[in-house]
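Here subunit A shows up in two complexes: once beside subunit B, once beside subunit C.
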Partner chain A sequence: MADYRQMWKDLGMDLELHDQLCEVLPTAFGDVYLSQEDRPESMDYYNFVVSEIHGVRPAELIESQKKGGKVFGTFCVFVPDEIIFAADAIATGLCGGSQFWVPGGEKVLPTNTCPLIKASVGARLEKTCPFFRIADMFVGETTCDGKKKAWEILAEDVPIHVMDMPQMKRQKDLDAWTNEISIFKNKVEEFTGNEVTSEKLSQAIKLINDKRRALKRLYEFRKNENLPISGKDVLLISQIAFYDDPTRFASMTNKLCDELDERVKNNISVFTAGTKRIMLTGTPMAIPNWKLHHIVETSGGAVVVEETCTGTRYFENLVDETKTIIDEQIEALTDRYMKINCACFTPNTGRIDDILRLAKEYNVDGIIDVNLKFCNLYDTEGYFVERALKEAGIPVLGIETDYTDQDAEQLRTRVGAFIEMLSNK
Partner chain B sequence: MVYYVLFNDVDNGMKLYNLLKSAKIAVTIAPAPREASKCCGISLLFKNKEDIPFIQECITNNNIEINKIFETESKINPKRDKFC
Partner chain C sequence: MYNVGIDIGSTAAKAVIMSEDKKEIIHKLLMPTGWSSKETADMVLNWMNERGVNTENSNITATGYGRVSVPYANKVITEITCHGKGALFLNGGDCAIIDIGGQDTKIISIENGVVSNFLMNDKCSAGTGRFLEIMANTLGVSLSEIFNLAEQGEEISISSICTVFAESEVISLIGKGCSKNDIACGVVSSIANKVVNLCGKHNSRSESYFLTGGFCDSEYMCRKLSQKLKKPVVTNQLARYAGAIGASLLA
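Take a look at the complex of A and B:
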């Protein structure tokens, strides 16, 4: 239990308020994670990261800044980390997954804004997140109306660069995104003083692809009949991927996968035979949002895959590593990032294809379409998702929730009934 | 009862963790419980009281600085449904 209070004070954080978060985290983590039986030993690394989440990694980022490095805080899986790392800078995720930060956001945002946006803005304005204090620049994107307006509020407080996301996927939209990545590259070069050369970009593409490969390897284990790792453990790993040093993250995740290989050989499962296999699809689950996974996995289900931005959308598809000219590399980035099927696009039928494909690959028994409250895009798209699943004969439960504990009992009842229904099929 | 080894810094914590793992002692990295420490950070959680003498010997023999070993009833409750 290192004492980080001086570091937090130097960052201008509100220590008293931040202390309230420190107070609840150990209990919540214990209830959700340490209550599990027979976890892989390698999960200790991720326990370590969570225990030190506002300590060790922030300290590393500050060390990098002391050597002249820049830190970019990002909010979305569409922001190409490759450009940032190619400029010898560091990309990091930001706080946004706890109810703790929501009231701070509600001071400046309408209540009917999604909790992810409210929590992000609240974490910055109330000075309770070290990552929000450390980042030299923030990178927003126009994936929804709530975010677009939130960036304007944040921009009064911090330097922010906004990437203009296309809303369709026609050729002219892909060209526009290529142009937007080029603009971002220029901005990063200007801000860091470091040129993004083709060699540097090649290295960064490989770096981020290696992280994606590690996550893909991890997800492959979830296709087994015997599940060697729980869904909530995989969620935690995915959440940490947004913050951790990419090289270390890939190395530690591959080490975990080596352990999982042994577990598979020995037919070890962390769930009893017959546990219903559940896919979650919908909005992202930023750390420490573990609510629905925990409820599913303590109600007779196992989460075997997440079609979310903290799931398959984050790591599926690699950037082509064979390109050696900067313009072609940027086009390769466009090719990869525009394969992400986010509800911000119209139409977004690719997402339905993804869900149906993943349902087969992971042999799911049922799907929960889960959306954060006031996320109009995903909520509306739920109409098509749930219709397609019904047509395919896959049971689906639609859930709208937030970060509060208030609906936990109700969710237990609904999820429990859904899983019981799957058992009676 | 469960037991937490608390540290004043991460390096000593990880050093002890690695030594105990090498000795096949059942120990888990956990956030330091609030009732034991006001600082966020790691602790080492173990359940077997009989391991305490070995752990203490390991600490002494390897010049590991710890804050204390904290004994408490396990408060882990997966049905509490209090998230953060």
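Take a look at the complex of A and C:
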């Protein structure tokens, strides 16, 4: 890795603590990723991004700030990146996927908060995530009680704008979200000093749609009987999508897809015949959370689709690109974003429909409903998800886990038994 | 060729040598797992060798928590699949299995002779053999005694789900002067309740349950579970070997 120590120091990071993270990440990545055989060559780009995850992109963000650009840190797939990019600013994901940051979060949050929130808050307060140091403003949302209160704690340390998420999808709720996006637009304009014109927004809509199209194209390969790429690799790409420059990301991902096209033509599969096709549904998997994918793909399964915020919920549905008036564009944003079926809504039957549809499209053998510990919304909704799947005759395994490795062997037993069960059907 | 099943559990290791036609159990072994699964696996191999069974003349399948520590096994299969197969052998037909192990409790449905669904307890030790061990220790009695005491007692509610908190609760019940019998009954009922909740969540279509694991000697436990589940719960004196038997059948 190039030397970024001066940059990290200038960002006010805790270098000593951060070094501990830098030490373990390459080993984890090597064990989980580089140990795979026959990976597509174009994965080199993503390997490189991970190897310099706290260096290369942060350096770019700092460069843009030097030219007067603003950086917005976001936590959730409901925050419309289009508005941010239309104001010539950059949106970036933030740290939150490692146990490394959890103890820092537990200093201020109740232990029974989900690991994603604890890790995010810990990464900021302990000064071990460059993205959390770089962002000029953070955009939170009211998707769950844990997050709502966590933003109040973060707000003591950083400027934060919170978007008020509706909890239902009636017309008045959709209107409220349109209004929230307008408020957000005003806030972004004020903060950046740049106007979000309809031309700029139109370009930004196209920009983010292109990223979604690239991800969609990538996921299409996983519908093949011969899988030209592992689920782990696709997860990594989806995770990187939250941080990378959208234009470059789309271009690199399309380049990878060109290679996968060739693999499909030559019937290349990275899994042996008889590998069980698994869908994961549930809570997001922020980088570097590769735990369950790794267990599945070393236990006779292949993850072929993720119905999660780091999966299909992130890229499915495009924003209408034909609108030219700002109000209509914002309504088009609402249309697209309110199609995301998150457990924060009541009812959320659309998610069940999505899961059943994806199960068919990706021809899955079984589904793992995986939820981060203490995520009450997804955990409770699991009741309906698992019931619907049983009714549809699709085998399902419910799993609750966190970022620690303590339960890895127990998970291995459950996942192993689940795959054995699918093999005996 | 012999068929050997080795089930290295968290508390006890079980091994079974099955005949070539997979109909007769020729030898069986039960021993504490101890500190090292690897050493236990070596001891199992010695035991096999003493009986003229070796890696040349047998197919060997390992299962249980220590299944990866049996270097001489030909196959490694999870305990869920093995318990399913073993209980089917012992029960003679489809059923739902309640396996109360040293460290986890699982409910497994067997339909048409194969595992159709299963559910395991969470990470914590409530409702497992470990819970009973700790409580027996607190009461100063052995595992077999605790069932005898419980049978003579009246059920006291032990409300804590967490083993550590439940232990404090039991200590305070002792302090209050509650009878040992009643506390023992409360302890056993607490495990039964946890198992019944798990069965409710699992929602098996089966009309009867088959109990495997370390509690299979306790007729009282079967009765208690049966009362609470309102379905027959049967077991078999070989049921603690169910995992090893299943492994030998799959060898």
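Quick note on the criterion: the second predicted complex is superposed on the first by the 425 of 425 C-alpha atoms of A that agree within 3 Å, B and C clash if a C-alpha of one lies under 4 Å from a C-alpha of the other, contacts with A are read in each partner's own complex, and residues count from 1 in each chain.
To be clear about the criterion, contacts are C-beta pairs under 8 Å (C-beta built on N, C-alpha and C of every residue); 3 or more make two chains touch, one makes a residue touch a chain.
Predicted model, so just to flag it, every value in this text is computed and none were measured.
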* Asked: Touching A:Ala28, do we find subunit B (first), subunit C (second), both, or neither?
  -> first
* Asked: Between subunit B (first) and subunit C (second), which, if any, makes contact with A:Lys425: first, second, both or neither?
  -> second
* To do: Tell me which partner A:Phe78 touches in the superposition: subunit B (first), subunit C (second), both or neither.
  => neither
* To do: Could you look at A:Tyr378 and tell me whether it touches subunit B, subunit C, both or neither (first, second, both, neither)?
  => neither
* Touching partner for A:Ala417 - first (subunit B), second (subunit C), both, neither -> second
* Using the touch definition from the top, say if A:Phe184 reaches subunit B (first), subunit C (second), both or neither. => neither
* Touched partner set for A:Phe345, first subunit B, second subunit C, both or neither -> neither
* **Touch count on subunit A, higher of subunit B and subunit C** => B
* Thinking of the overlay built on chain A, is A:Glu409 touched by subunit B (first), by subunit C (second), by both, or by neither? -> both
* To do: In the overlay, answer first, second, both or neither for which of subunit B and subunit C A:Phe315 touches.
  => neither
* Could you give the residue numbers on subunit A that contact subunit B in one complex and subunit C in the other? => 409
* To do: Would you mind writing out the residues of subunit C in touch with subunit A in their complex?
  => 65, 77-81, 104, 114-120, 122-123
* Which part of subunit A faces subunit B closely enough to touch in the complex? -> 1-5, 19, 21-32, 34-35, 41, 44, 47-48, 50-56, 98-100, 288-291, 294-295, 298, 403, 405, 408-409, 412
* **Complex interface listing, subunit A residues touching subunit C** => 395, 398, 400, 406-407, 409-410, 413-414, 416-418, 420-421, 424-425
* Structure fact -> In their shared complex, subunit A is touched by residues of subunit B numbered 6-10, 14, 17, 21, 28-34, 37-43, 45, 67, 75-84
